[in-house]
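Each of the two complexes below includes chain A, the first together with chain B, the second together with chain C.
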Partner chain A sequence: MASFLRTLIPLDIYGGMKLTGKYFGKVLREANRARIRTHVVCEYPEVPVKLQPRFRGRLTLLKDEQGEIKCICCLACEKICPTQVITIEKGKKEGRKLPYPVRYDFEMERCIFCEFCVESCGFDSIILNHQFELAAYNREDFSIGMEGRFQNMFELSPVARYSVAEEAQR
Partner chain B sequence: MTAMTLTQSFVTALLQIVVLALFVFVAVPVIVFAERKVIGYVQLRLGYTRIAGGLHGVTGGLNRLMWWMGKLPFFSILRGFPSFIADGIKLFTKEDIVPEKADWWVFHFAPAISVVAAFTVLGIVSFSPAPLWTWPAAVPIVGGLPFAGVISDVNVGLLMLVGVASVGVYGIVLGGWASNSKYPLLGGLRSAAQIVSYEVPLTFSLLVPVVLSGTLNFTQMSQYLSGAPIQTSAGPAQMPALAILPLFIGFFIYLTCGFAETNRVPFDLPEAETELVAGFHTEYTGMKFGLFYLAEYANMIIVAAVAAAFFLGGHHFLPFGLQRFIPPSVPVVGGASFGWFLLWMALILFSYLWVRATLPRYRYDQLMHVGWKWLIPLSLANLCLAALVRYFA
Partner chain C sequence: MFVFLEFLVFKTEEMEINLGPQHPSTHGVLRVKLRLDGETVVQCTPIIGYLHRGVEKICENKTWFQGQVWTDRMDYVAAVTNNLGWAEGVEKLFGIQVPRRAHYVRTLLAELNRIASHQLWLATHALDIGAMTVFLYCFRDREAILDIFEAFCGARLTTTAFRIGGLREDVPPGMDRMVRNFLKAFSTGIEEYETLLSENRIWKKRTVGVAKLQAKDAVALGITGPVLRAAGVPYDVRKAFPSAAYAEMDFQIATRPEADTYARYLVRLEEMRQSARIVQQCLDGLPEGPVMAKIPKILKSEVCEVYHSIEAPKGELGYYFVGEKGGANPYRMHVRAPSFVNLQALPKMTEGNLLADVIAAIGTLDVVLGEIDR
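Entry: the complex of A and B
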């Protein structure tokens, strides 16, 4: 009898409709206001994406307050890298006591974005930044390094430079 | 009013048909737009806000327009609507492919059958109780004549509606068969079985207001639901208070069967993508597919119109005969008007989209189970209830 009544009076359908109706009303009211947002959509090419703080993007060397590269070439990242995409060449620089990386190459095409390099670094001198537009038209564009290489790791990735964002703002 | 000449009545009807067709051609893109938006909002998305293409040319212009609309307070909700232009261009300009082994004649006639059945039915729906406007005397042939809200107010309106609307299934079955491909055939057969099964409870639930009032006419039914006494061929009738019960149950049975009749979620078995590619219109391209699409949405409009006219008070504000508690002298909500009918239609159409966003598709055996073992006994019991109410009250 109970199951008969449950089939006859579709309370579960009513519950589902109530839930979806609630969300519809909420999003309809708040869909287009900047501050209160119920919806989970990011209008990506036109509006920049807000990423999670622990997002693992492209590898970047960090600089200190004087604009000096923090890396001291301990080669910890090069050793721990599972796919061996980091190549560091140790060198000297005028007016700097610690070793200076003459070359810091990063072959992104083989990188698995595991963040072992960042974890192994004892001097907090590298991070995986929040760039995710990493596609490129040429293979050379995936070999990233400091100044002088095909792609500079201190600049935006090539695709990000062609992002629709500015054009749509007009 | 003097009697119309033959030419005058002919031209009046023709103008009404043109206006009605325009109404459908405007309403269908609006429903398609609303469908995408409602489903988006329900799933915490924004719905569509752009179309494929770049920032150049026609698509680029539309994309820029929609981006600009997003910054305005009210128009940001309507963002995405301009893309119906792109949809139209695409439907009209796409290559029209006819499969080599398809039955040429049937293949071309099937979409037409669907559309013609859908549009014919709309001709007897009474959209407005009073004439919408009167032509000014300067207009050549029809000057001074009223423009009625119904093309032909047939006194067996419901009978004709149920009869003609079920012809629409031929379009689907023949289209599926003529494609000469297994998925459309299976989709068409499923559709035939489903529509034939659900036609029974649909008609039974529509019989409830008919039994109560004794009329099949749209205008009279609207008067009956407002609580006014009507004079029918079955004798005078006025709505008793208890009549709300069978009407209320009948409305939900009718709505369920209406979803099944128009092949909408949760009963869209003929188009189950996971099993049948796209169902009966798998092999259809271009505007022939567009006609099937148009027929589906026109059928939705018909179901909404019939639900509004026969259960939800027709041209009145309150549904299920509750209108009697508002005296007709109250300015807006007391009277009968075109606007209330459109409002009720819009609410039913919204419920279509709401249900689509909420409920998952039934399995085929579940569909038949619900139709034969639940809805038909339920609608029969409801019909008996209505008969009892009519007899004793």
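Entry: the complex of A and C
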């Protein structure tokens, strides 16, 4: 008898519709107001994403205040890297006592963004920056060096520099 | 009479079809060869190997530290638990004592990952069976967990969260608040999933009594995790062989006696609640102190072997290491992947049932193909 009544009276459907109706009403009330707190999604290309401070993005070489590259070629990052994406060539430079990286090659297509290299670096000379827009048209553009046609180890990638929000204003 | 005549005119025969490997309901690249008699499954053969990357072989050539990044890519919806298994296995092999605070943070993150994994399971399983709304609700709540992972270690899915000997860094300043906010949202969120599904008549028609796997068969096949507990066997590695901070936590093992798809759904929901309880306890009782033990820069093993297992969201996840003398990397590494073992139950669950229930059976096993093929 109880199960028959349950079949007859659609309480389960009513409960489900009530829940979806609650959210539907909420969206209707708040959709076009600038109350970001209640929004679940973010309007990504128009509004830049807020990343956490520890976000692991693309590898970047750092320079000190004089504009000198901090890296002293200890090769710790090259050794710890699980996918062997870093190649460093040691060299000398006029007026610098410490070794200087003549070549610092980074194969981004194979990088897995694990941050082991940054962890192993004893001189804080590399970081993973907050870039995640790393697309390129050619395969060669993923091999990043000290100077590159498309992007290099110091600057942001062209995709990251491009902003939809700025273009909309133009 | 008409049926009889039809039988005379049209010959019936068994038909063999492929479900997958590109079918959206097989959760990846699982291929299931089905022999059908009408709509009834006569024989069911899962065929795997489309996502094989050779993780076990790769890890033989990587140091004890480096191998962890490959565990992220095995069960990619529960990467933190995979990291936990690797880190604890290696620590067991070298006899490293991890600080108590690190244990607590590890437990916290692993339980959050269990909730995330079960939410993804519920979302996709409900979507397979035909409930679209739950998918959106689950993904909304799961996002908060991924944000917590991003705050802690910098990545959302391929976390590489732990280090051998503890943690890389202490928890970030705002994480405490993030976790508390998530727990508050989750307590209402799980009520919403239940409102949408538990009493829903379509959901019950599709799950109650479907894809049964009795306790006897489950134990014989080596099934672990929620599938075993839904058959009434209260086996949980967290209770049986407690690692990390599980020995100090107060939680219950969720079991159900019915052994069908609906029971597995209820068990997973209850597990999510228990996980939320553990997270709350970790957060309240988080001890002060260091998070990293003193370990040498290069780990060199002796001749040894170690098996360490933890409770992953899918079941018992075991790591087996063999070390050689002076080895900076494992001589042999083997993973007892829960999804791989659980998939063996698929023929038992589906043979003799309808074709539509195969989808429910694959969903309820909660298989992740990255872990099966490795």
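What we mean here is this: the second predicted complex is superposed on the first by the 125 of 170 C-alpha atoms of A that agree within 3 Å, B and C clash if a C-alpha of one lies under 4 Å from a C-alpha of the other, contacts with A are read in each partner's own complex, and residues count from 1 in each chain.
By our rule, a residue touches a chain if its C-beta (ideal position, glycine included) is under 8 Å from a C-beta of that chain, and two chains touch if they have at least 3 such contacts.
Predicted, not measured: the structure shown is a model, and the values here were computed from it.
Asks: Touch check for A:Ile80: first (chain B), second (chain C), both, or neither?
Replies: second
Asks: Quick one: is A:Tyr14 in contact with chain B, with chain C, with both, or with neither? Answer first, second, both or neither.
Replies: Once the two structures are laid over each other on A, A:Tyr14 reaches no partner at all.
Asks: Contact-wise, after the overlay, does A:Glu43 reach chain B, chain C, both or neither (first, second, both, neither)?
Replies: After superposition on chain A, A:Glu43 lies in contact with chain B alone.
Asks: Tell me which partner A:Leu128 touches in the superposition: chain B (first), chain C (second), both or neither.
Replies: second
Asks: Now for A:Phe154: first (chain B), second (chain C), both, or neither, which partner does it touch?
Replies: In the superposition, A:Phe154 touches no partner, neither chain B nor chain C.
Asks: Is A:Val27 in contact with chain B, with chain C, with both, or with neither (first, second, both, neither)?
Replies: First partner only.
Asks: Looking at A:Pro53, would you say it contacts chain B, chain C, both, or neither? Reply first, second, both or neither.
Replies: second
Asks: Answer with first, second, both or neither: which of chain B and chain C does A:Phe116 touch in the superposed model?
Replies: second
Asks: By the touch definition above, which chain A residues appear in both interfaces, chain B in one complex and chain C in the other?
Replies: On chain A, the overlap between the chain B and chain C contacts is residues 7, 13, 16, 19-20, 40.
Asks: Inside the complex, what are the residues of chain B that reach chain A?
Replies: 38, 40-46, 49, 55, 64, 67, 70, 73, 76-77, 354-355, 357-359, 374, 378
Asks: List the residues on chain C that touch chain A in their complex, please.
Replies: Interface residues on the chain C side: 62, 65-67, 69-70, 133, 140, 143, 147, 150-155, 158, 160, 168-169, 172, 192, 195-196, 199-201.
Asks: Could you list, by residue number, the parts of chain A that touch chain C in their complex?
Replies: Listed in rising order, the residues of chain A that touch chain C are 7, 10-13, 15-16, 19-20, 40, 51-56, 80, 82, 112-116, 119, 128.
Asks: Along chain A, where are the residues that touch chain B in the complex?
Replies: Touching chain B from chain A are residues 7-8, 13, 16-17, 19-21, 23-24, 27-28, 31-32, 38-41, 43, 46, 164, 167-168.
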